[in-house]
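Order of writing sets the chain letters: A, B, C and D. Residues in each chain are counted from 1.
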Amino acid sequence: MNFGVIGYKGRMGKLILELFQEHNHTPVLLVDKNEIIEKEKPDVIIDFSNKDALETTIYFCKKYSSNLVIGTTALKEEHFKLLKELSENVAVVQSYNFSIGINILLDILEKYSKIFEKWDCEIVETHHSKKKDKPSGTAILLKNTINRNLEIHSLRLGGIPGDHAIFFSNEGELIQFSHRALSRKVFALGALKAAEFVMKKTRGFFTFKDILKEEI
Amino acid sequence: MNFGVIGYKGRMGKLILELFQEHNHTPVLLVDKNEIIEKEKPDVIIDFSNKDALETTIYFCKKYSSNLVIGTTALKEEHFKLLKELSENVAVVQSYNFSIGINILLDILEKYSKIFEKWDCEIVETHHSKKKDKPSGTAILLKNTINRNLEIHSLRLGGIPGDHAIFFSNEGELIQFSHRALSRKVFALGALKAAEFVMKKTRGFFTFKDILKEEI
Amino acid sequence: MNFGVIGYKGRMGKLILELFQEHNHTPVLLVDKNEIIEKEKPDVIIDFSNKDALETTIYFCKKYSSNLVIGTTALKEEHFKLLKELSENVAVVQSYNFSIGINILLDILEKYSKIFEKWDCEIVETHHSKKKDKPSGTAILLKNTINRNLEIHSLRLGGIPGDHAIFFSNEGELIQFSHRALSRKVFALGALKAAEFVMKKTRGFFTFKDILKEEI
Amino acid sequence: MNFGVIGYKGRMGKLILELFQEHNHTPVLLVDKNEIIEKEKPDVIIDFSNKDALETTIYFCKKYSSNLVIGTTALKEEHFKLLKELSENVAVVQSYNFSIGINILLDILEKYSKIFEKWDCEIVETHHSKKKDKPSGTAILLKNTINRNLEIHSLRLGGIPGDHAIFFSNEGELIQFSHRALSRKVFALGALKAAEFVMKKTRGFFTFKDILKEEI
């Protein structure tokens, strides 16, 4: 496919550019602050930059009728409104976490949280010491899925790409669900999976859950 | 309820006797090697001893039309045949593991193993150094549920009541499901749950999965 | 040995009474709220109750010239002053944690903290949901031994007897030291070790570190 | 410093080349199969390739009187003999594991194994599924340091760079020492540390332990 990357000089942008090329896809639109390399119509545009770039991203999606994969975090209601509008004309995949494993865990927690109702539950997440937000967006997703009031413990340690653990315990037993990202590449792989998914759609607003559904 | 315990002097037998009494149930039949204390008709008979006691257990179930909860391990085809026959007249719950948590994990693995098809998978189980069988019956249950050829690693360490961990990993991420029994009491609690379940039935052969189904 | 237990009806008191008797020691003084069973001179008195009992404990130590093993938590300066005074006439072992494993970890941390100076460090401790203090006394001991400003995360879950984990991480690696108490019995075992140690002394104030020193 | 890399196109070779340059060191000798780029005298030569390259490596060390950092695994007695000979004229650092964390653990185990004499002990190591040797060289180092007969469990899973865990347990408690390499980069960092160490020496045979000694 021909693809575009918004924020292609950032940490995630670079990884996406590299990985998509390894899979024989062609970059035809590269955007970063004060820089636009525009060659051809992209089939899909990938944006893992930040919410300030959203306007630019939407401009290019409309201009080329390109589908969109967006992993930008901390979006507000107004941003979602723009994305929903866009999805009437092109296909959009939006998620705060593009790891397949985390999305499987979310699916399990959604289905099994009720049975753990009377068990104590807490979450521990560990990330590299440069991560600014606390708790991680993924930990919040996990908590919202378990859907009860619980404590999230955030550790900031060295170069950990991202660990999440959910503990359930009663008087006699302890169950742990845990996920470890081995490198940031895992999110680029999820973006690729999403791009391949979105290529087969013409319009609509999707999340990573929809991608997973086709696999289970 | 009035209950009976086969092997009431053994490690699990003692725990069951104690826990059931704490919950205001009355022991009316206590059997061990060369010893029978027989007072009244038991509503349920609990047997976590060993397969050599099975004949005696079935004798009492028939004599009193008592329902049966059986956690004896290493049963053979012939034993299952006897239990199935018995279940035409009374209700029988049979399982190799009476922990609720392990049974939840088995349920998750049954439903999600397909999605992990391309991920590597291995199992690690850790038990106290006096445990004789290797791997544990529970690890075998887990492997059979995942339903593929995989390695089980058995650690025998100090006084660990029982840990089981299942690892799935691909190039970019690692998922771990793990369970820790905090004490053997957890299995007595499961036996109690099973006894309460079986009280409401009149006949039939059940496993712990049937008990769980009423809760999910 | 002949021993005494202060708070013999409490959770730890019961365990100590049981374990010491299993090892053929004889209880000759049993004290609890409003109750004193006094038979003979105890060689050692064990007190894992609470600081309000300290006066009584010291009274009996003086009366019989008994050595003392004290595991009471949350002692204040005034209590330490009383214990130091007492230790001029009898031998006293005082510690906030009587597990051998934790004391080995403390020893390691004391010797190796310097080498980890530039690594990030955080502590996670997990205890049963009925534990009232947060963080645990042991976690505070660990922190003080590492001797820097660091975060302690306290999880309160089901029936966990007590887990402690110390994480050190830099850009490229993660080291974890962790300890799991398998049951409260471990602390009674430590009290027994301390009682045997204190029997060989005539006077002086000791901590668990001194006991360990004889073993390394 | 001016440095040389043997096997500079291999996975570790590439990482070393990159990292040393990031730290403003200059590559002046690059060797791979059928390829030699020779510019200037290297102060240090780094070889993490394989034992078949050893002859070439030694040739260049002698030619330029360059110090050597060698991380090649599975060396035999004959190779060590060659390295010892070389070390009469230049400084050589040899180790099977260049991670600082693993070397700290080795140091701890050397000093504390005696106190764990009566505890059960087993090792679990986990590496990516492409790793061919089982158990890992590092697990063997750990076992030799603990210096007793114990089981090593080897998991081969997805893309795990390298986990090692040592478990000690008795009837009442479990202690775990564990190490996680976050990426292969950690070994390149260790090679850099070794190169800086070896620069200050004129001759002699050193291991990573000697480097650590200067830091503790």
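Observations on the model:
The definition used in the following text is that contacts are C-beta pairs under 8 Å (C-beta built on N, C-alpha and C of every residue); 3 or more make two chains touch, one makes a residue touch a chain.
Chain labels with UniProt names: A, B, C, D = 4-hydroxy-tetrahydrodipicolinate reductase.
Fair warning: this is a prediction, and the values are worked out from it, not measured in the lab.
Considering the contact criterion stated above, the chains in touch with chain B and with chain D alike are A, C. Taking the options A-D, A-B or A-C in turn, the interface that duplicates B-D in more than half of its contact pairs by residue number is A-C. Seen from the C-alpha centroid of chain D, the farthest chain centroid is that of B. Chain C and chain D, compared by their mean Cα positions, are separated by 41 Å. Centres computed as Cα averages put chain B at a distance of 37 Å from chain C. Averaged C-alpha coordinates give centres for chain A and chain C that are 47 Å from one another.
Shown for chain B are the residues in touch with two or more other chains, namely 158-160, 169, 171-174, 182-183. Taken in their complex, chain B has these residues touching chain D: 119-122, 124, 126, 129, 151, 153, 155-160, 167, 169-174. Put simply, chain A touches chain D in their complex at residues 158-161, 182-183.
Looking at the complex, you find that chain A touches chain B at residues 99-101, 104-105, 108, 111-112, 114-116, 168-169, 171-183, 185-186, 189, 212, 215-216.
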